[in-house]
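So that you can tell them apart, the chains are marked A, B, C and D in the order they are listed, and the count of residues begins at 1 in each.
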């Protein structure tokens, strides 16, 4: 029986507590939040869970094996570090840290102490993204031409990070998981419309060694919610719409037919092929259930998480580069090889 | 009775001939196309129209008042220039020319000879875009925050221009018409997936003097057709979906409520406002009818076209800058003031 | 503080317990269910709620003021009657009873004892239906021409009632609430595709004294979920799509323009008018919260429920008539004036 | 070379002329319409086609082999009869006639004279319906449970027929083609909202010998256009949405899993199966091209049309029965075996 403590019971914390409460093999024993009304909510819902104002009660509780950190981004690093110093396994919300230096430090600490460091890249654990991973990796799409995502809505303005760190991070974690290659450079543009606040609309292009390209539109100020990703391949193409209730992933048998030439004088036709569309059935288990089970399994069997610190760090490096590029109106920023060692 | 000659009866030419055939006040007298099967089509459809293989027959025909040019982009300049040299008014397809130098030269020629030079930015003449123009200019949206457009489909690969010149040009012409301000710089990224062909996927950011931002995603290699534009304003926001049959333009009473603060510690809430949605009725006259009428009116009354050479040139300048930026992976390119000489 | 007991913790019971748990002014003290695993669920979720296998523990508990009955339809009558005999106010799931005789008997009992008898017609308490009610009653639609609803999905086959009693009942309760008039006759058709089971697909037409008409398509065997209602009026028309996340209710300024005649010989044109569409903002409070509050208010202030026994009875009468019509392949069945007295 | 005459150049006639003009193997030589402005349109568009005010010029023209009749329904019978009396093959718009007696008489005349009698059930010649036909007949759906169609819009009020004869006729012709069985009885309901006009909203149920059921909702007074058909089978189910531009036909691997029982006390679960969805590519040739080719082939090779008089008659019989049922508020009307004498 793994004992769990949770720091932060704001927007995401309640989902963590509920899922760890219902998954087998663990017990949520304590939750901390500085706000009295959030603690009251914990107590009303879970009579067996201890609610405290002080996160140290969680981090130092000797009964607790693992700490889940669901607080603002800039607190991830100190909280995770302190939790590991106390011998706790750590689950930290995305993005892992606000700088890559902090990320490297957390990875070192986890490695040194043999602790599990898991970053909550929830989408990686959804049925839809797992199906896309399976399709890409079985080579069903052929060569990947592009990954294009629109992730916009009328959303909360975060005060400590810009919209890339809040929304685009989801796409970066999905790409990390489904694409067989890593980006080598980034160009980003974006602006803020509220004085004193970070950028609320941003466009992010990722370059790869070959002609693959990826792009994310992230926007906190859109009148409609859109969660739509196009993945183009040489054999097939995917439309992944996360807001669809049934057919979230559609696979189109469409693509180019090279070598077929049309009218040479006016415009050369690169012929295209249009065939059937197919929407595979998607596993509907709640992603956090799958992810919680995976986290507990990593602890029990001393395995690395699928979305471990290294993965979290690679994404933080891209976020840093994107923010730098955005401040130079799109100037390309090269990405170093995302390894820690060196 | 204005007499019309048409050069090029490929993809768009038939639409021009049909609309000028049906609109009053003019007569299509000749069409040229180098392809015998296209000329046969003209003859089968319009017994009164002369079909010829040689564009010079059109350009030098003394009966003809105005020449419509619907040929590949790189031929626009020489054909338009030759037509004006022969005293013809000119309607040229978008984009006007392949370089801004050519554009300047055409404007000069038209001005010198007192001829109408009209660029076919068709969308400017649609009911939907005219309604958006009206909304923006009546200040219904408040301050404009952003213009974001996705224009993708499985399309013809053009051999002489990249996807920006083919698809994004539509959005540039719409912005030119509806936005009260001009962009000052551009950053673009994109790649080509077919060896020896221009870029088939591209992302284009436009910067303005203030914090307004615009972005276009243009793609010839998408599994689905999308024509969707979001326009965010401080008072209201628009979703314009050109593929919707009925409600093409939706106006959302959504936006920010500044000054309202949520939890100061965790994340500062820039409150938002959500109200009704409203889809104004859109005039359904075919855009080319409206545009043809306007062109004929400009000729008859010696007026400048709403989409004249100056407008066409401003857009060519942006296209040039975008192509230059794209070759430098997003590096920003400043736009000169889009005036001709002066 | 009103004390609540709940009978049945199957599909709907958990929603009742959760909402009464969270709404103020009451306390859920006991839940009965014959299934041990359902009782275990109650206990895991609400440490303060007593779970019992015997519904009599709920009905006879002297601390309990009101009993919520969320059991199969054929048990509604005996349970509600026994609860009222024990002086409890009653909330019963839809449909109220399996026969109108039972319904009359429950109304009598409630009246005689001065108890609240509330039927859970949940949709009446949704923001969308309340908005439609407001529109119809403010005469925004003009004369009502028709109400047409499609309510289909791949659903559970009920063993004790046919699909009309399970799905169409929702539309009957909505019509009861929003339409100013009562139906006078019904014609229904339908079949069962599973041997030994009641009809799983049905079509229900309601006639009114004037030319208003209503129709419901109810189907447990559809490949897609549809919840769409059209309401046609002489001035405006509504499309109500309950599966839309944002614009659930759309109001179309469309209708007939009588008196305008087209070509008299071929086909007389009853001209139509097409104007703007408008989607009013909908209150998003969970319907059961609103409904629970209303029920508690009825108890506290000795008022009749908006969806009381009389309303429940009128709907049971229509369901009975529809089932009778269905067994005669659509033969019309007249509805008596739906009053109890007589 | 088959020579074609057309009677009626109103709403549908132009489509006929255009398609027969472009399909090979025939020539449109004359078009009649009583309205001068319609004749002017013919002349403007087709300089080679003779336009006349008198349909007799078409019917008696010795050069003409086949007559296409695109006039109001009540004129179909006299015009078709007179055309056949003059030895012309006949293509007549749907519905074939206003009574079954007239239909029988036309069939007799065609048979006696060895002429082709073709009814324009256009949908039968669309790629979508042909694909559905193929799926049903290859037994991909298993046993057919139901056919359900919604065909509504803000449409022209016809003066000589009710909405069933105008809209539902399409579904009847589709069912005739795709279903392996014939209906045996019909129940219909509907009302008219415009005084002195036929019913503008109608609901039509068709019964079959087994438990198959079919239903059509036809409505000239709907705020939105809907063309959606659900076809339920024991193995798979189809959603056919004719307004979808790309995926018109979706095949769902969904259905019942009989024999699996859930909780016996509360509600017996007829389990269901949910699998992939598949949208086959649909042939996009314009239906009228396919149909015109078929008609010409029938004439050239003395074959019966796929949608011949017998098919047209079966549908007229259903329309007659539906109208009779509608006037009795849904009372079932048995259908005779739809054979002509024999």
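The rule we apply is simple: contacts are C-beta pairs under 8 Å (C-beta built on N, C-alpha and C of every residue); 3 or more make two chains touch, one makes a residue touch a chain.
All values reported here derive from a predicted model rather than from experimental measurement.
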| item | value |
| --- | --- |
| Chain D and chain C - chains in contact with each | A, B |
| Chain whose mean Cα position lies farthest from chain D | A |
| Winner on C-beta contact pairs when A-C is weighed against B-C | B-C |
| Computed distance of Cα centres, chain B from chain A, in Å | 38 |
| Distance from chain C to chain A - Cα centre to Cα centre, in angstrom | 42 |
| Chain B and chain C, separation of their C-alpha mean positions in angstrom | 52 |
| Junction residues of chain A, two or more chains touched | 224, 246, 274 |
| Residues of chain A defined as touching chain B within the complex | 10, 34-35, 71-72, 145-146, 148, 150, 152, 154, 156-160, 185, 187, 189-194, 197, 201, 203, 205, 207, 211-213, 215, 217, 219, 221-224, 230, 232, 234, 237-239, 250, 252, 254-256, 258, 263, 265-270, 272, 274, 325, 328-332 |
| Interfacial residue positions of chain A with respect to chain D in the complex | 246-247, 253, 274-281 |
| Residues of chain C touching chain A in the complex | 47-48, 224-225, 243, 245-246 |
